[in-house]
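What follows is a group of structures, each given as structure tokens.
One chain, chain A, links the two complexes that follow: it is found with chain B in the first and with chain C in the second.
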Partner chain A sequence: MSDRARDPPPERTDFEELEDADDLFPEPAATEESGPASLTAEDISTNSNGPKQDSQFDEDPEDLFAEATEEVSLDSPERDVLLSDGPSPAITPITPPTSVITPCLGHDDMFTHSSFDEIEEEEGGDLFDMHIAVSDPEKVGDGMNAYMAYKVTTKTPMSMFKRGEFSVKRRFSDFLGLHSKLASKYLHIGYIVPPAPEKSIVGMTKVKVGKEDQSSNEFVEKRRSALERYLMRTVKHPVLRKDPDVMQFLESSDLPRAVNTQALSSAGLLRMVNKAADAVNKMTIKMNESDAWFEEKQQHFENLDVQLRKLHASVESLVCHRKELSVNTAQFAKSAAMLGNSEDHTALSRALSQLAEVEEKIDQLHQDQANADFYLFSELLGDYVRLITAVKGVFDHRMKTWQKWQDSQMLLQKKREAEAKLQFTNKPDKLQQAKDEIKELDAKVQQGERDFEQISKTIRKEVSRFEKERVKDFKTIIIKYLESLVQTQQQMIKYWEAFLPEARAIS
Partner chain B sequence: MMEEVQDVTSALSVHGHNIKVTDVLKDGDTLTFVIVSQKVSGTGEYHVDRTYDDVEWLQQHLFSQEDVPGLHGVIFPPVPAKPQVNVTAKGMKQLGFLGLGEWQPYCKALETFLRQVASHDLLKKNKAVEIFLTSSDPPGRQRVKKNIFNWLSQAMDEMRKEGHKDVDEFFQAQRDQNLVMTGCTKNATERFLEVVLTEQKIAVACGHFSAALHLCVEAGEDPVKQAFSRICVKLSEVLESMKKNMMSVAENNVNTLGLGLDLESRYQEAEKEMLFRRTCKLVELETARRSAEKAKPVKKAAMEEVKKAAESEFDHISRVAKQEIAQFESERVQMLQQALVGWCEQQLLTAKESADQFDRYLQAFRGMA
Partner chain C sequence: MTKEEFTKMKQELEAEYLAIFKKTVAMHEVFLCRVAAHPVLRKDLNFHVFLEYNQDLSVRGKNKKEKLEDFFKNVVKSADGVLVGGVKDVDDFFEHEKTFLLEYHNRVKDASAKCDRMIRSHKSASDDINRIASSLYTLGTQDSTDLCKFFLKVSELFEKTRKIEARVAADEDLKLADLLKYYLRESQAAKDLLYRRSRALVDYENANKALDKARAKNRDVLQAETSQQLSCHKFEKISESAKQELIDFKTRRVSAFRKNLVELAELELKHAKGNLQLLQSCVGILKGNT
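Now for the complex of A and B:
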């Protein structure tokens, strides 16, 4: 594969271009760490993009962040929510990935769109061949500082990785950290970044406290599965899989721990996106939608959201009853065994004991089926409900991008008017200043327009990819589910066929 | 089965083994059952309408039959509980399996009861049976004085007699075994009912899921939308299929093992009642003996008479009881075997059908572009 050869140059040249060009934003944010006061939903995603102009979107930060639940280190001092903590660690890896030039500080947003276009064009034939497994959950530490470490194994023939197969140990906050970095880099330019799995204080507390019971085992398994799906979705994305943070996450044996571990959960992100959406609505951005495609798609995703939630509720009900059936079957099996033991008639007694055994086996089948119901359908639907949130977020960003562009335009207009007035006064200094400002603003307006067009273009591509993936995903899961159904029935047949002669032999 | 024609007037004019409850009609709060029986001589059938009141009438007459010594030793075929059209929670619990499935299982249970009564050597000669099965007028619509009913409920007050030690090893063993069996069988029946009720809930949940999938179908020419819609429609069919499978499984459970366990449970209770009646008679006998011993010469002859009567009754009861128990044991094993075999066969069939059905859907999905 010639990935390696082609990977670095686009980014390198882009950086060189941008550093020289005039269309650098005047304030490349040196600090990635933004205090809560200025962090709004908008800012979080445009960390280093012209900051303060978005203060109109300011919300009460406590409001926003109060809902971000914490998983680990309840004693951690920082209450801030951060999306990108410090410089991208890709800069200081122990074994630097050879194939990627790490971006400079504060230029996270400088992955320009054209470089992505090139990456995506490489992907034309969709040579996706990567498999990630999350396994071997292992409790590390004791008490409330304990955490679960998961083994992340990547198998890939892609040459951008050093080896074809490699494993690392990661904890949940690492996954959240990865997601927050990706979200800060890509969401605001229109890429649908898969949301990270949900946090759960209750679930994790049980695990920490050392309760080795079925519900905490189920919780760990549920989480493990969710983490695996999350990573697979992330690397399926042609652009994301080449991101240095992703690659470092998968490969590096020493991953700097996310400094502020109260990373946003996807639920927290959802709440924030909703709040931002509300804020947007309150501001009544009457976007002159020139493109019916976007209107239609937004409506489509609204509908899809509602439908998927309904489906999810149906499946949850099914899973619940299936588990109930398993419990009841087990109890019936016990009662049948007791009946068999008490029975005087020898052959009938034996048959009843066999009946008890059959019912126990059927109970196991019910449990397996309940797991299939859950891990296949319920989690799939849950994943997509969360994914659609990310999709909606991306549409919102487009609107904000449009708004920014419009604001710049209006400001430029004002400045021009002011300059026109200054022409008649004898203030050459002020006039010059005005002209300079106009020049800057003009560039900004043009950039704003380009940004808007680019995000629109990206979203179109992303939505198309997303929709195709959705169909594929559902089909794959349904096939797995049907396979489980067939298998269950075939097992049942075996059990009944074994029991029949026993029943016949009673007398 | 050959009827012994002892007294022409008391022989049953219909066959006992093929009585059918062919239909059940709901009229407001009342259920009316249509009962069909085949004439012994010649061809021809009797069709009669009966309600539960009529069944109770029949039962009372069976209990109060006079010319049968040792009648109390009979294990009376257990009658199903009273069916309520608007069933309460307590009623549901009482009826158990018989309250399910639009009264079809109930009809089966009633049918079994009538067949057992009409085939029982001691009971079938009761004229009430003939009237019940053949008379065009429903016999039981007026309330009749209670006979053994009262006796039985009185006996409930004397539960302490239940533990009274027996004089006969066989009967003591029988009583001990019966105590264990009634408990186990009742427990198993209730647990199995829970299983069936949950299966029904799953069927309903599958139905909801299936309906929700239909809502996801979108019109439009967009090929992706069409593909997703196709998937939803197909999956909806799969869910319908799952629903039908679950319903079949539940039905099979009810119609075979459910009914079997229900009958076994009620029969064990009937045996328990018989054994209790005998025990009460034993207590009565022992009391009579003591009275006769202690009696002053004036009363002695009378007391001896009482004692002899009690002895005679007790002997009759014990004799009949022994026969009944032997009959009961063989019948119940046969009945349970039938239930278990039928259950297994039906579930096997359903599983095969479902496996085929699901496999076809699997292939269809695999082949979907």
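Now for the complex of A and C:
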């Protein structure tokens, strides 16, 4: 094959230069602002996915994380001091502690983009600088009553919390309890409440039984990351974050145990019955939509749902195949090493062992990439599929509200007709009764109409906020994901460049 | 199927066909070069006819009877091989080669199988990326927000990276998997050669014993002598050529591995660099737009 692509030297030196400095995008790092403090912490947690020992894309694992944690603790109290001085300024004073950030963030370029978004949001008046981390999963108890306790750490400069930074221990059912409380309070008036992560009986049983193997570790890590994303989404919502239940969840060290979230409880059964009833009702309600906006949006969300599910399935399949590729590459590496051992020509034997080493490193690369595929891309899609279900639920509530209003209106109509009929008979007391009922019903109809308008208004606001969030989320995470792909390719180049002279040296 | 899907499928099939074609061509080239380089085989008349005859050769494939014959021959050969393999060789060189080849053959077989599996996973991963690209494209065309351009760009990127990934898998197949498969069969052929030599050795020793017996009984001495001389001659000839062949085998092996490993590394580098460039430019554009 005359397919020998030799890149011209200048291109090569470019790469070498970059690799030496390990500083791919020097410009953005210099314009770093106070935003990243909370974001770096967020990204530590997102980056500490999968095997905690491996820092996925950096050559000095400890370095990356050590520096980042230092940053967080240095910065947030500083920012707390700055921000809690003023009650709630629309624009946060941006005093960049760049001297702390720039050196280490040379390789943390995934974070720069999200920090810009955060600044934008702050300047836009939506003061959001709360940050929540879920960490340190610990097994508490034994046998079938065992459960995992997670540490929930909140960092916030908002004055309504007693302190700027605090942490509590929570278990999974606590999260579910929080969600069910929020759902009962807010869903029916049109707020999109983020759905909690799903229960998994198989996963939890494995953990309870005490198997300390790879799959149960992965399960715990997956759950921890999902819980963190859930809490961040919940507090990003301007109304939900001020809810007393949420504040209690984040702050108080003792939380009454949410027994109603258990699958096999009476509350669980009640939920199932309600769900069935809802499904039937949905089919029978025929709403004549006066507002084209709602119809269009509903269609939009239906389409989005279908497409996201398809994409999610493809990404999950990719994760699976990449993991398989990693396993097979590892096996091939071992086999190549054995082949190198049995080869009696020394130079070739050495080259084969080098090949085995390269393949082993590449297998680790594939593993890391599969993790990135999963935690960045696949989980994002899964979250949005569930969120869209919540959005559809909110639209359904609007329909129910409309139905209630229409029902009371029809009742009023009937009562009015009955009253008209009574006018001609001589029953003054019954007439009075009818008049009273009519007055009552009238008030109810008015209330129904108000409710309906209110929920419609809220939904409009919520949907536009949701869409904005969606655009932002997708952009940030997809860019992060692409950057992870960039990292993988760069590492590959390094490995193969190291191997090439070895291969050439065979004589 | 829409027109775009059809053209895409056509392109994919063409790319696959091209990859398989490259593989087959390469294997045939290696085979012919090998035959041409061999001092004895290159003078074979069949070979000359093959190279020069400019009309259709009309080679007949093996019919059922011949295939059955082959099968039985194989069974007999492997049984015989076990018997003959037990004989210890006087010559160190051949003894060493025997043990070496046995081990090497097994390991090459293992490596070849694992390499094939690895390449298959690589191909299925690149198929997934293809599906992701088309889902993103649909999302991009449907979305009304800012995301639509974003999705379309990313979908385009994934299309291109998928092509590169598929090419990586194909090149790995071509350079590494085929190399290992070839040496799997070569080492098998070398083992067969050693087997034939051991067979000749056993025949030679049997002829010696027969000669001794004949001399002792003083019957058919001349016949035994001639047969002993024949088998001795055969054995020495085969030993000599076997030695030469095995040394050649080693040199060829080393140079083939070198060539293929170097080419593999270069191709991997080329593709990784191409991939990197695509990804970086896309990330740059996306970051610039947001």
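Throughout what follows, the second predicted complex is superposed on the first by the 359 of 507 C-alpha atoms of A that agree within 3 Å, B and C clash if a C-alpha of one lies under 4 Å from a C-alpha of the other, contacts with A are read in each partner's own complex, and residues count from 1 in each chain.
Heads up, the rule we're going with is that a residue touches a chain if its C-beta (ideal position, glycine included) is under 8 Å from a C-beta of that chain, and two chains touch if they have at least 3 such contacts.
Values in this document were obtained by computation on a predicted structure and should not be read as measured data.
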| item | value |
| --- | --- |
| Partners on chain A (chain B, chain C) - clash or fit | clash |
| Touching partner for A:339 - first (chain B), second (chain C), both, neither | both |
| Touching partner for A:184 - first (chain B), second (chain C), both, neither | neither |
| Touched partner set for A:503, first chain B, second chain C, both or neither | both |
| A:355 touches, of chain B and chain C: first, second, both or neither? | both |
| Touched partner set for A:403, first chain B, second chain C, both or neither | neither |
| Doubly contacted chain A residues - partners chain C and chain B | 300, 303-304, 307-308, 310-311, 314-315, 317-318, 321-322, 324-325, 328-329, 331-332, 335-336, 338-339, 342-345, 348, 351, 355, 467, 470-471, 474-475, 478-479, 482-483, 485-486, 489-490, 492-493, 496-497, 499-500, 503-504, 506-507 |
| Touching residues on chain B, where the partner in the complex is chain A | 177, 180-181, 184-185, 187-188, 191-192, 194-195, 198-199, 201-202, 205-206, 208-209, 212-213, 215-216, 218, 224-225, 227-228, 231, 234-235, 238, 242, 329, 333-334, 336-337, 340-341, 343-345, 347-348, 351-352, 354-355, 358-359, 361-362, 365-366, 368 |
| Chain C-touching residues of chain A, taken from the complex the two chains share | 1, 3-7, 11, 15, 113, 300, 303-304, 307-308, 310-311, 314-315, 317-318, 321-322, 324-325, 328-329, 331-332, 335-336, 338-339, 342-345, 347-348, 351-352, 355, 467, 470-471, 474-475, 478-479, 482-483, 485-486, 489-490, 492-493, 496-497, 499-500, 503-504, 506-507 |
| Touching residues (chain side chain C, partner chain A) in the complex | 22, 26, 100, 103-104, 107-108, 110-111, 114-115, 117-118, 120-122, 124-125, 128-129, 131-132, 135-136, 138-139, 142-147, 150, 154, 157, 161, 174, 250, 253-254, 257-258, 261-270, 272-273, 275-276, 279-280, 282-283, 286-287, 290 |
| Residues of chain A defined as touching chain B within the complex | 300, 303-304, 307-308, 310-311, 314-315, 317-318, 321-322, 324-325, 328-329, 331-332, 334-336, 338-339, 342-345, 348, 351, 355, 464, 467-468, 470-471, 474-475, 478-479, 482-483, 485-486, 489-490, 492-493, 496-497, 499-500, 503-504, 506-507 |
